[in-house]
Amino acid sequence: MQTRVLSEQVSVLRREWGVGSGEWAVAGCRSAPLVSSTSHLIFQISNSWRGVTIFALVFVLTLGQAAAQEPPRPVSDLRAVDHPNDVGESVDLSWTISPDDDPEADPQLVSEYRVERMTASDSDAVDDPEFLHEKEFVDIAKVGADEATFTDKGLKRTRTYLYRVIAVGPGGESPVVETETAVGPAMDWFRTDRGWLAVIVLLICGAVTAFIVAAKSGRELYIRKIPGLEAVDEAVGRATEMGRSCVFISGIQDINDIQTVAGITVLSRVASLTAEYGARLEVPTARSLVMTTARETVEASYLAEGRPDAYRQDDIYYLTDEQFGYAAAVTGMITREKPAACFYMGTFYAESLLLAETANAVGAIQVAGTAEPAQLPFFVAACDYTLIGEEFFAASAYLSGEPVQLGSLRGQDVGKLLVAALLVIGCGAATWATVSGSPQASAIVTFLQDNVLGSGGFLP
Amino acid sequence: MTTLNPDQINVILATDCGSTTTKAILIEKIDGQYRQTHRGEAPTTVEQPVADVTAGVINAATEVGELAGRRLVNEQGQIIRPAKPASGGQPPEGCDIYISTSSAGGGLQMLVTGVVREMTAASAKRAALGAGAIVMDTIASNDRRKPHEQIQRIRELRPDMILMSGGTDGGTIEHVVEIAELIAPAKPQPRFGTGYRMPVIYAGNKEAAKFVAETFDDSVDLTVVENIRPVLERENLGPARDQIHDVFLEHVMAHAPGYDKLIDWTDAPIMPTPGAVGDILQQIAKARGINVVGVDIGGATTDVFSVFDGPEGEPVFNRTVSANLGMSYSISNVCAEAGMPSVLRWVHFDMDERELRNRVKNKMIRPTTIPQTLEALVFEQAVSREALRLAYIQHREFATTLKGVQQQRTVGDTFSQQKSGQSIVDNMKLDLLVASGGVLSHAPRMEQTASMLIDAFEPEGVTELAKDSIFMMPHLGVLASVHSRAALEVFEKDCLIYLGTCVAAKGRTKPGKQCFSYEISGSTLNERGEMSFGDVRLFPLGLGETARITVEPARGFDVGGGPGKRVEREVRGGTVGLILDARGRPLILPEDRAECRRTVKEWSESLRLYEGSGSPRRR
Amino acid sequence: MKRTVPIVIAAATGFVLIVSSFIPLTEEWGSAAMQWFNILAAIAFVLGGSNLLRMNLQKISDRRLGWGYAAVTLVAFLVTLFVGLFKVGVQPTESFPTYAWAAPYNQEGSFLWWLFEYMYKPLQATMFSLLAFFIASAAFRAFRAKNPEAIALLATAFIVLMGRTYVGGLMREFLPERLEWLSFDAMTNYIMSVFNLAGMRAITIGIALGVASTSLKVLLGVDRSYLGAGDD
Amino acid sequence: MYEFFKTLDRRWIFLLMLIAVGLPILRGWQFPERPSPMVQSVFDAIESLPEGSQVWMAYDYDPGSQGELHPMALAFTRHCALKKLKMYYMTLWPQGPPMIQKNVDVLRNEFPDLQYGVDYVNLGYRPGYEGPIKLAVTDLRKTIAADVDGKSLNDLPMTKGLKNIQNVDLIINVSAGYPGTKEWVLYAATPYNISSVAGCTGVQAPYLYPYVPQQLNGLLGAIKGAAEYEFLLLEAYPQLRENPEAQEALRRMGPQLLAHLVLIALIVIGNVIYFVGRRRGDV
């Protein structure tokens, strides 16, 4: 029983340690595995003494083999509780398996457990035929031998339920074990298992927002020079002088990818420049939605520069969603038209080097920016300037020069500080715990792992 | 014009027709070496009532002739050529060649155009400045002005000529023609002469030339030369520059009073004065294989010239004109741009700011006044430091590597992606710093000139300091085009007065900490010791003397061999001597006024700046 | 207005999705938003496809530079569309023998399958393998031992390149057991699991924070450049 | 010589690369492998499964990456077939089904004893990026109702009782990008504590290493990983030695060796030119 509960906790905990907890959608865009990165790190570092042991089974139930034809003995300790952290539609059942349930035994005395349910009460729909039907115990599930938990899903919050579990074997059915009191699923308003995640999210988002507000009130913020972004002017200038076009590629992902959004913000800057210089801007896209977004952006930029006449909608076109088809079309275009400037801003995969090497060969100035670590080396080798990871995200703030946007960068730094602090504390405590065996240090580590970075909620 | 065998040239007369004075110098071959022997001066006579530049030339030449005891001008008012040695009691007469430069009438004023301001337009500007012109404005596709504003501007300006560039060969045609379409209807009027057509030099995309030609009507005189920027990776300024000089002679000069005569007289094409200065600096840099910076600070403007190794190792010449930085007409602007506190930080005693403002305005309305008190002198030199500093900053920003060039990256660049368009001006690589212009040439003590140069330019490593004795660089520039050996010899021996050498360490630390240790060995100077950060020291090392110096910089300091690396060099002495500068680079003065005053006082005492100068005197 | 409405929509959706991580009641909303996006993207595909068609037709009719390629694109596009949409060459399956189109569009032997097998696959493989050639030329050009960083990268590249081949393991034969860690494959494993791993994590953390802050900027309407520059 | 290399046309490099890759293929050069601990752990993860265990074969690659990933995918398939494991094939890539088909063909031809629907099933392509993963681990039928031929899951013995994949014994993922290994780890393996191994392209490998060993039991990196895996497979199941197709990755290591050597040579030449040029003052 204990083991089961524990292992359930551990699996939840692993889930949180894994990057899954970072899954956090923003504006329809999948956002970063932010916290998980931290947790992941600490998880890795402290791995050595992490309890693999908690997986160890303690099923050393040694009972004499019962006669083959006898029904198995019943389960014990049957409990039904509301499933935590959900919207209120599940109940968790747990029990101690029948003493006759032994996976090593041959023949096995228990083949499965039958779970039955009865609706005990319903506060608002007494006439519901389904409710009437469940006035007595009905079969709801069969759980395999050696299993001791079951989560009953799809329940109604207005009702309460009674459960019973029967061990079934070749020798027949065991006596029925029934829950004593009816339970009803309850709605949880807040996922306490993600409490710390919420705190960290609030801290980082709060810092970003706070600095944005501070910037609005006119605080000067320093930002280091990013040569790659300064070079955008130069690249567009080159295209102008050479009478060639500028090519802008906003990655091969759709607009729901935040990198594409970041790329489009750079595009608006590039478009302002091409409007100002009177150069031609070509934007082949790999997604239809990106095409429409890019058109809006570029048109607005041309309008803002006072050159709406120079805007050419047909220069922003869709090619294909297919990665290599797209790469082939773009490289072909590059070889034929020999653009003087190429910008790659967004999500890129294997096509990165194909594009960048081809454009390098035709002598284009290239500026790339991506947060795909695997593609960075290719861009660095073939492009004139490469915005690495966060530099790329800083681009729009940098290019706009608006203090409000620069404020967000400062907020990001607070995030980094937080990560660094967690790392230092975690690593320090873990090291100290190993060196000195101090229980306090171990407690800190455990708290960090299980609560702050895990799913243990706020309290240890 | 006659072409002479350079070996037969023994006597050279050169004049520089400035806007107020015409200066003549005489160069003679003495014991097989060319030396500048005499100089003379006369007011320039371009304006009414004379309105003939040759009159001033003859006057100046006559003065030189009198001083030299050589008859240079005959009864008809013409320069006698060739030279004849003294014979039969007759004094020697004539010269072998006569050459001249001119900046009279405001020099050569140009309008340049290009496509992208930082690319072809910058190249065009470089070509024009290098040819010695004053660039009145630069029109580019991306200069953020609306077409009607650009046309208005072209109309307002009355340039001597227009240089058009834009597009690489095979590059944009559209943009170049667009600019031509702005110039054509604007019908710019030349400054001199009403009867002739505006000279336009086209040095852009060769494929656009015929379209440009179609755009213009008869009101302009279009000449097409090779593209100034055939590819973005390379500048080709020569043809455009030569064409500017030709047009300068044919059109601009031909229409200035008396110049038609002067052109006939000279044995080499007349050059714009700054162009000639640039030429001689380029010559010296090439001949000695060094990097040179020259500065000419005037009343209204400050010219900075530099020759530095470019990215490909070839010497690159740059000239900038800081139109609003000068010591008289522009002095107010210097104070405004630098800020009074910046000027005052160089002054080692208390000064009343109100009085200072009066002084500034006084200088502005009476440009020819010279300081009468030590206070006034110190203040004027403080202003000059700021003017020079600002001019040098502008120069650095302009003298860059070419923009718009594809970068070849290697994995080593992953973490430091250098931008293109970096300044090629590198003080550490600077070998020779040449000063000219009133406040520098005529400072009462040479130490002051040296100090002004060091404080304003902040040379790093080992740098020779020199000044142009009597501003003869222009003459030598033209001379170099016909007889470069003569020009270089005179330049070394008579033109430059070596002030000495400055050895400065780059880096900063806390005051009082060790900066570098040195060991000097020479025939007259043998010293060793340590320099603490913040110190500056002067050692006597006379003109023509040399010494060997070994400098061992402390960690983090660089004197040219790299941080902390030992440097051993031969240094040249001069009228000032050897200056060891441990004040750090960048040179930062204390914020606190009192502290700053004390520091500057220490420095000026170390350098013996105002020793014994109870009252300034002219040299 | 044109810009305010999208920002409000983006902000509302975004914040709801953040909150949905913490409030069970809203957990389902995330996938609902994703479905909406998929629907929108599908509709937009029509837009993209028709644009592609129009652009290429235009290119052909104008006889613009490279119009031949446009023609090829067009033919390929239409043929594939037709063959796939009408399941040309698809045979009925065992489960539904009476319905001609019951089998999947890419059933073995169908026209689309043929296209896939004999055009699409080789073409894709060709594009992907081009990488090998481009890596070679990029390496030749960019791997210069210009400074200490570059030398470190070069040494690493050498070890990993060797470690990933037969030669890397071969070294073990000649090394005493104590020094086996010196073999290229062992060093490669060490480099990958220590240096590479540490670097990757650092980059990932930076990127994650960048994503968070960028998202927040978009949600708060601070960064509107994706809606076009200039004012409302 | 120096001048030639200094201004070397890229096409010479391409030609050299072609020879380096082509020669070993044409001559059929093959070298023994030495499995790394990482590959060993992947092999052990499958080898240790008892007969009849369920493995989820998530094959997310396409013809483009076929060259790099197909051999390892087939090796996984053969290994599972030899171990008599129950295989569920599924792909998140639109171009994935033909890749799975190739694996199924191998099962059909080389392991005629195995029965479709009993020992293996092809669930085909599911659109929606990571969406289907999330559904597969919670409620499989919400995303997959029928196999690739349209047969209802309820009619197939293997899938009749399959509610979700939380209880599968191992997820084997072969992926060329997104969606792929990362998504399977994030949404299935880690949250539900399912053992998982993966194979990926060389470019992705550095990116995925951080997941080993906590979230992935092991990772095969590109053709090298596949070759080492095949080597282990051949050692454990000598009967495969008869089958040249089971040694595809090993065969491809020849080109890899030569290509890497060419790369190193090119880098060395590049640097020699660089230093010679620097001495001559060209750079």
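Chains: A, B, C and D, in written order; residue numbering restarts at 1 for each.
Going forward, contacts are C-beta pairs under 8 Å (C-beta built on N, C-alpha and C of every residue); 3 or more make two chains touch, one makes a residue touch a chain.
None of the values given here were measured: they were computed from a predicted structure.
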Farthest chain (mean CA position) relative to chain A: B
Core chain by centroid distance, with centroids computed from Cα atoms only: C
Centroid spacing, where centroids are CA-atom means, of chain B and chain C in whole angstrom: 57
Centre distance in Å when chain A and chain B are each reduced to the mean of their C-alpha atoms: 63
Chain C-chain D separation of Cα centroids, rounded to whole Å: 17
Length of the line joining the C-alpha centres of chain A and chain C, rounded to whole Å: 18
Residues of chain B touching at least two other chains: 409-411, 413-414
Touching two or more other chains - residue numbers and ranges from chain D: 10, 64-65, 206-207, 210
Numbers and ranges of chain C residues touching at least 2 other chains: 34, 124, 127-128, 135, 137, 139, 141-146, 154, 200-201, 204
Residue ranges of chain C touching chain A (in the complex, touch as defined): 10-11, 13-14, 17-18, 20-25, 27, 30, 33-34, 36-37, 40-41, 44-49, 51-52, 55, 58, 65-66, 69, 73, 123-124, 127-128, 130-131, 134-135, 137-139, 141-143, 200-201, 203-220, 222-223, 225-231
Complex contact set, residues of chain C against chain B: 141-147, 149-150, 153-154
List of chain B residues in touch with chain C within their complex: 408-415
Complex contacts: residues of chain D adjacent to chain A: 10, 64-65, 176-178, 182, 185-187, 189-193, 201, 203-204, 206-207, 210, 214-215
Chain B-facing residues of chain A, complex: 227-228, 230-231, 233-235, 237-238, 240-244, 276-278, 360, 363-365, 380-386
